[in-house]
Amino acid sequence: MTENTPKAARASKKLELAEAVSRYLPDEVESLAIGGMHMHNNPMALIREAVRQKKRIKRLITSPAACINADLLIGAGLVEEIVTSYVGFEHLGLAPAFRRFAQEGKLKVYEIDELTLILGLKAASNGQPFAALSPVLAFSDVSKFSPEFYRPITNPFNGQPAFACPPIKPQIAFIAVQQGDEFGNGILKGAPFIDREMLFAAETVLLQVEQLAPSEQITRNPLQVTVPGMKVSAVVEARFGCHPTSCHRVYHYDEEHLKLYLQMAATNEGFEEYLQKYIIGYSEEEYLKRTQSRTL
Amino acid sequence: MTENTPKAARASKKLELAEAVSRYLPDEVESLAIGGMHMHNNPMALIREAVRQKKRIKRLITSPAACINADLLIGAGLVEEIVTSYVGFEHLGLAPAFRRFAQEGKLKVYEIDELTLILGLKAASNGQPFAALSPVLAFSDVSKFSPEFYRPITNPFNGQPAFACPPIKPQIAFIAVQQGDEFGNGILKGAPFIDREMLFAAETVLLQVEQLAPSEQITRNPLQVTVPGMKVSAVVEARFGCHPTSCHRVYHYDEEHLKLYLQMAATNEGFEEYLQKYIIGYSEEEYLKRTQSRTL
Amino acid sequence: MQIRLETIGRPRKGYSILELMACVLSRTLKDGTTVGTGAGSAVARAACRLAQLTHAPNLNYLAGGSGAVNPLLDPLVDSSCDYTNYICESVVTMSDVIGSIPSGTTDLFFCGGLQIDRYGNVNLSVIGDYNKPRLRGPGSAALPLMAGARHFIIFMTDHSPRSFVEKVDFRTAPGFLEGGESWRLAKAQGLIGGEGPLLVISPLAVLDFEEESKTMRLLSVHPGKTVEEVVAATGFSLMVPEHVPETIPPSPEELQFLRSFDTDGILS
Amino acid sequence: MQIRLETIGRPRKGYSILELMACVLSRTLKDGTTVGTGAGSAVARAACRLAQLTHAPNLNYLAGGSGAVNPLLDPLVDSSCDYTNYICESVVTMSDVIGSIPSGTTDLFFCGGLQIDRYGNVNLSVIGDYNKPRLRGPGSAALPLMAGARHFIIFMTDHSPRSFVEKVDFRTAPGFLEGGESWRLAKAQGLIGGEGPLLVISPLAVLDFEEESKTMRLLSVHPGKTVEEVVAATGFSLMVPEHVPETIPPSPEELQFLRSFDTDGILS
């Protein structure tokens, strides 16, 4: 293929973290989807930067199981409403900011089941008018309390009741991958969770890459490159960018730090202290130094 | 994990080709889904065996692009109706038996677009009452001529028209993979096409494996084992079992033989001659010997 | 990170309550079936793996949203989505896992809750008013789909009048609705695919549901617990048969298998 | 298998009609857009790759149902699902590819047909009666979704009164329906997401659609062909502007790039 060299160079999508967030996120984000599940593969560098830049989010859309990714944005007072199936810290406990804001009526929660969330995203990326849902959902209170996502319809084939969920089409999605190139091609080395569903449904995708590598290297086995560059608007390199959550096959979650967060975020004051101690005014490099130092 | 050895042995799902087809296919199959796309990864060994055993198929369900997999069953007079988006030989020409049977009114064709086919399969595996389809399909005649798959409905969110496709739930699916173990765990080394959608929608899956290997070897990198054994009823080893179609990363399609088939299958007599010369009364081993000998 | 030095070399005398629960659950799992587990379900995963190692070599199980099929639990870890779960046989998508509930292709699911009522309805969402709750729980996960699940087992980490309540504040997972009559009506209308909750396990007891009325019934009390304790810890009137046996404790063999993969002592 | 010994060392004088078509199509593709190709679309794939190598380095393209993104065409092959297409950048699912048509996330699709009419409606299904056709074609593929595609280009391998017809026997891909009025009505109702067919290319000519009436219009005739030939080969009254230029032939550079990856001479 030596004679087969393009005449013009391709544009790189690589940006600095702050630049990517400030360029692609309006100050009032209509809807933001955040990838990862539980304490794994959360795009935390992007999320911390959104906190630093105080981007307000009208609607936060999570994967079927959100964790500190959602909790941090909520605690920072940036989120008006959330579409989710679950926000928690799995075996470590409940999500403190989510809990506090919801209990104080300061966060509108659209609680929907995991399948509806996935099918809503798929309806967006497949250009479907809505996702048809099983009538069994009538027996759960989610269909009563989040009626926007469970519109009663009739199954035309048997006359039985069913539900319709509108397409869930995030304005922006934050996704973290282990490896990627400057054109936005990404490799999910571990679990894909529903990151692909999110990025195909979203209008604009910001890709956080643990390790940026030359494109020839990333695309050597294209079958494992399941995040296609064409869906990605900006690529940000962020080593340990999923911290304190895990980055599958690269590092484990930092249970100690997650527990510290849970403790501090239990009150408004503690949460504010957490932000001041680790995030606001600090670069990602400084964040990592500070969180790894046990003597601060 | 040495102390962690199961008390009882797991049952193998490995069967001889003839045994698998005779045990799992009734003489009148309600619906059969066949994997692969175009002249690639077609589960031909299973299909030839269904022809040998003269299994009648009420409804044949293909991937978005069927080839000789569908044409052979149709030419053998075994298929009553077909649900498909495309039956052809891509750059090599039209599908001769499909064409002849349809033109003579001996085959009911439910022609549907590719997305509807995929969404119908997904509706089955996701337990959805139906798949909601875009109103743009009203402008294509497929929605008029296959009304069973395009039931007019109203989008409850905006009052616009839309369509509903019923779940497509095959009774049996034939799927070919490059590598697998005796428990039905399979690795799609090349394109997955819509083989996974089919096998998740089907009640019973027969897995044709190019190369059977010990389970420890197959499951060494579980992330590439995307055909889970739990969905598979029987595993059949069939070397060159996709011939004359390709088996991605193992062998190319046999263009010479496909052209020979196209020529012979152009008439009823020629098709019958093809069956007698290569399939009926011959084992798969004999089939391969005969097709590879250019002097028969 | 997450190295549990304190558990290495811990004494292995007796058994913990989580080990007992894992053994009891394991025994209910049938060979050849497919079982789904969810978030924070180390006990459920342990039960599945234990069943595979003992009486159910052909059982298949899914580790929650990870999509991992038949993790070897090498070793057992807390998080359902931990990469360790990918030491397994195959991997399916999240949508494959969740879709298999309403499609009825997974035979049994495990689920947990903050509250459960006498008919097996489960609440994992809110306590108090939905829009300004006294306690905001994590949320529904896959629980609303349980009316489509063929069977499900409810795992309660607390057994007190706060968690075993007369009526759940929010019905996340539908159990037998308002009891036998309402259940049979919904079944007759063809709207419910599944068979309802099969079993409830708590730190005190094993319970199921009486066939006709679908009210919760005491099946066995764990060793060291009494019927009276269970009744007092239950916020509704529990159906108590005349003879309530003791829950069969883990056998030495069960414990040996369990600890062969729970080397970090997650269940201890 | 499929070794084309006869093409090795073939003379490379002039250019073939397929090479011309690939060059013309390539020039229509805009940098930074995403393009979808379908079954048996070696020319469309070649056009996309050529565009990447010349004026559109940031163009992305999909090789049909293979889900392969940006195949290097190393070398160009006939089948859209050939494994050779996986010498590429990334791989998406079939559903990702097809879903991107009605969702409007792919900017342009290529499609072909057995018949096309004056308003750009395309038939790939049947000629004659649907239930007992004179000719049973391969079938719809993704063509019915074209009313949702942002743009599409129609590639015709035959240009004769049999293929360019007054009215298609079966409307597989909707073009501008029954012309400008019907099109504007459907657009006004919000039922059509796309902008309709952009261009038609045949072995004789390049054509587009007049803005108001949406009837097919001759844009250029290929070198060596005449306006009269094109008109005679068209089964409906074609809109012919006063001055019809000649299709610009492949430049030496275009041919050099094209043949750098078409080493098997698929387009020769």
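Labels A, B, C and D are assigned to the chains in the order they are written; within every chain, residues are numbered from 1.
The rule we apply is simple: a contact is a pair of C-beta atoms (placed from the backbone, for glycine too) under 8 Å apart; a residue touches a chain by one contact, two chains touch by 3 or more.
All values derive from a computational prediction rather than experimental measurement.
When the C-beta contacts at A-D and at A-C are tallied, the pair with the greater total is A-C.
Put simply, the chain farthest from chain C by mean CA position is D.
Centroids built from CA atoms put chain B at 37 Å from chain A.
The distance from the centre of chain C to the centre of chain D, with each centre set as the mean of the Cα atoms, comes to 56 Å.
Between the CA-based centres of chain A and chain C the separation comes to 28 Å, rounded to the whole angstrom. Within chain D, contacts with two or more other chains are made by residues 86, 91, 95, 98-99, 101-102, 145, 148, 193. Shared contact sites, meaning residues of chain A that touch two or more other chains, fall at 115, 119, 122, 126-128, 134-135, 160, 190, 223.
Contacts between chains form some other arrangement here, matching none of path, ring, star or all-to-all.
Chains that are in contact with each other form these pairs: A-B, A-C, A-D, B-C, B-D. Contacts from chain B toward chain C in the complex involve residues 1, 3-11, 122, 124-128, 183, 185, 200, 215, 219, 222-223, 225-231. Residues 1-2, 39-40, 42, 65-68, 78-83, 86, 91, 93-95, 98-99, 101-102, 125-126, 130-148, 170-174, 177, 186, 189-194 of chain C are the ones that touch chain A when the two sit in their complex.
Residues 34, 52-55, 57-58, 60, 68-69, 72, 74, 86-92, 95-96, 98-105, 145, 148, 193, 256-257, 260-261 of chain D are the ones that touch chain A when the two sit in their complex. By the touch criterion given at the top, residues 37-40, 63-65, 84-88, 90-91, 94-95, 98-99, 102-105, 108-109, 111-115, 118-119, 122, 134-143, 145, 160-161, 190-194, 197, 246, 248-249, 251-256 of chain A touch chain C in their complex. Against chain B, the residues of chain A that register as touching in their complex are 115, 119, 122-123, 126-135, 151-153, 155-157, 160, 162, 164, 166, 190, 223.
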